[in-house]
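Questions regarding the structure given below will be posed in turn.
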Amino acid sequence: VIEQKTWIIVRYGETDQMGYVHHSNYVLYLEEARFDLFTSHGLDVAALEQEGIILPVVSMEIRYVLPLHFGDQITVETRLKTDNKFKLELKYRILNQDQKLVAKANTALVFVESKSGKLIPGFHKYLDPLTLKEEMIS
Amino acid sequence: VIEQKTWIIVRYGETDQMGYVHHSNYVLYLEEARFDLFTSHGLDVAALEQEGIILPVVSMEIRYVLPLHFGDQITVETRLKTDNKFKLELKYRILNQDQKLVAKANTALVFVESKSGKLIPGFHKYLDPLTLKEEMIS
Amino acid sequence: VIEQKTWIIVRYGETDQMGYVHHSNYVLYLEEARFDLFTSHGLDVAALEQEGIILPVVSMEIRYVLPLHFGDQITVETRLKTDNKFKLELKYRILNQDQKLVAKANTALVFVESKSGKLIPGFHKYLDPLTLKEEMIS
Amino acid sequence: VIEQKTWIIVRYGETDQMGYVHHSNYVLYLEEARFDLFTSHGLDVAALEQEGIILPVVSMEIRYVLPLHFGDQITVETRLKTDNKFKLELKYRILNQDQKLVAKANTALVFVESKSGKLIPGFHKYLDPLTLKEEMIS
């Protein structure tokens, strides 16, 4: 299993007039956690973009369990599923500084040829170094 | 059925380096559409907040079908489901200027007493004027 | 003088826990107003980008006079100065629905060749159709 | 002199279709840096808000010198000026991972009684512990 833990501090500007973090900002936390996992496992999205390959998000689901406040120190636990040939699926758990579950989420991304807009089949080649590296560790 | 159509133009700052609208900004479009429906049907969220009642989002699901670009003129079709006693459930369809489906989404909100954090049961009282108004029209 | 008035409604997600619009979001209002002026006067930024010319912001100054609230209906009055050969300078006044001054701002943009990062001198050619059009009107 | 250095990594969602960080996001970097300085020097904005005192930004000026890219690791150097009785003035320099100057900025904030909207004169009482602490160190 490919996993990553990412530590993020809530910014003031991420709150709304309810006094909690606005629900749209969790999307940015998930993205930061996802890129942290990618970078830690050798998947360089910026380099792929230079080659004309992009990774758009095709679906996202978030369940908000507890509110977040300015200054909260959260941990995002991200897990990459590798059993789908066409989608890069990730699962997330966001915990606050008291180790309480704040939110759960799923996202799915695909590898797309930027010019044509076509899905890239068998994208696991981009994950191989990543998977191999992980297997060597575990 | 309580429905609303909301027209939004994509801002430049909502794009990302892929050249499309960043997926987090769809959350803001859904929110704008939802408040448009609320306002058009007599539900005044700001007034409720003054009374100590808030409406946090408890879940959200988005499926991204087609990319959006700077300057695109989108229509968000929002539909309010009223058969759940505890959750305010909304369904959305986002269409671009060519009437093509860009995204589908669901959100659920709850009415919460701000001080205590307790769910407010039987929240339909806040929807009554709205529902009644709608029934008079249809 | 090249001027434009742009009408914007404040989004809920643009507020922060003070209960006012977060000061970073004024930057998006200015941008929306600026693009509204551009579009109304024939300057197509997206088309220029296709040709490899970009318009980054090089400076920005905002004075916040009165707070803005969720749902406020603001008017941005934008004025383009054309007397600087190298910078596209704009002045803005943001008014609320009571016609009270909410904020004043200045921004400066430059035309840059995307690949080389070089400033494009004599950029007024891009403004000519715009200026001419304006002069024909006035 | 009261100073602070804050280290921030650029998020993917902070880029725009030019391929650089959108200029509005520098405002969030400045804010994160400012709160870092506040927290490190004993000024607890959240606690003040509980007492009904808020710190809105009243002016902001940013000069953009070099573009920022996704993944860049920036340092914000923040300096608090304490010679103005009514405004909390801060100066910022943003450097990239190559120690090149990316942007310079100034912001001014005021202490306001939330209910009345009145400026709080002689706000240095909030800064005293901070200033004293600093003087003991230097």
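As written, the chain order gives the labels A, B, C and D, with residue 1 at the start of each chain.
Throughout what follows, a contact is a pair of C-beta atoms (placed from the backbone, for glycine too) under 8 Å apart; a residue touches a chain by one contact, two chains touch by 3 or more.
What you see is a predicted model; the values in this text were computed from it and never measured.
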Legend entry - Superposing rotation of subunit C relative to subunit D, computed on C-alpha atoms, to nearest 5°: 180
Inset, instruction - List the interface residue numbers of subunit A and of subunit B, divide the shared ones by all numbers used, and answer same when the ratio is over half, different when under half. - result: same
Inset, instruction - Quick one: report the Å distance separating subunit A from subunit B, using the average Cα coordinate of each chain. - result: 24
Inset, instruction - Would you kindly tell me how far, in whole Å, the mean C-alpha position of subunit C lies from that of subunit B? - result: 28
Legend entry - Where subunit B touches two or more other chains, by residue: 12-13, 17-18, 20, 24, 27-28, 31, 70
Legend entry - Contacting residues of subunit D [partner subunit A, same complex]: 11-13, 27-28, 31-32, 35, 39, 45-46, 69-71
Legend entry - Contacting residues of subunit B [partner subunit D, same complex]: 12-13, 15-20, 22, 24, 70
Legend entry - In the complex with subunit B, residue positions of subunit A that touch it: 17-18, 20, 23-25, 27-28, 31, 49, 54, 56-64, 67, 114
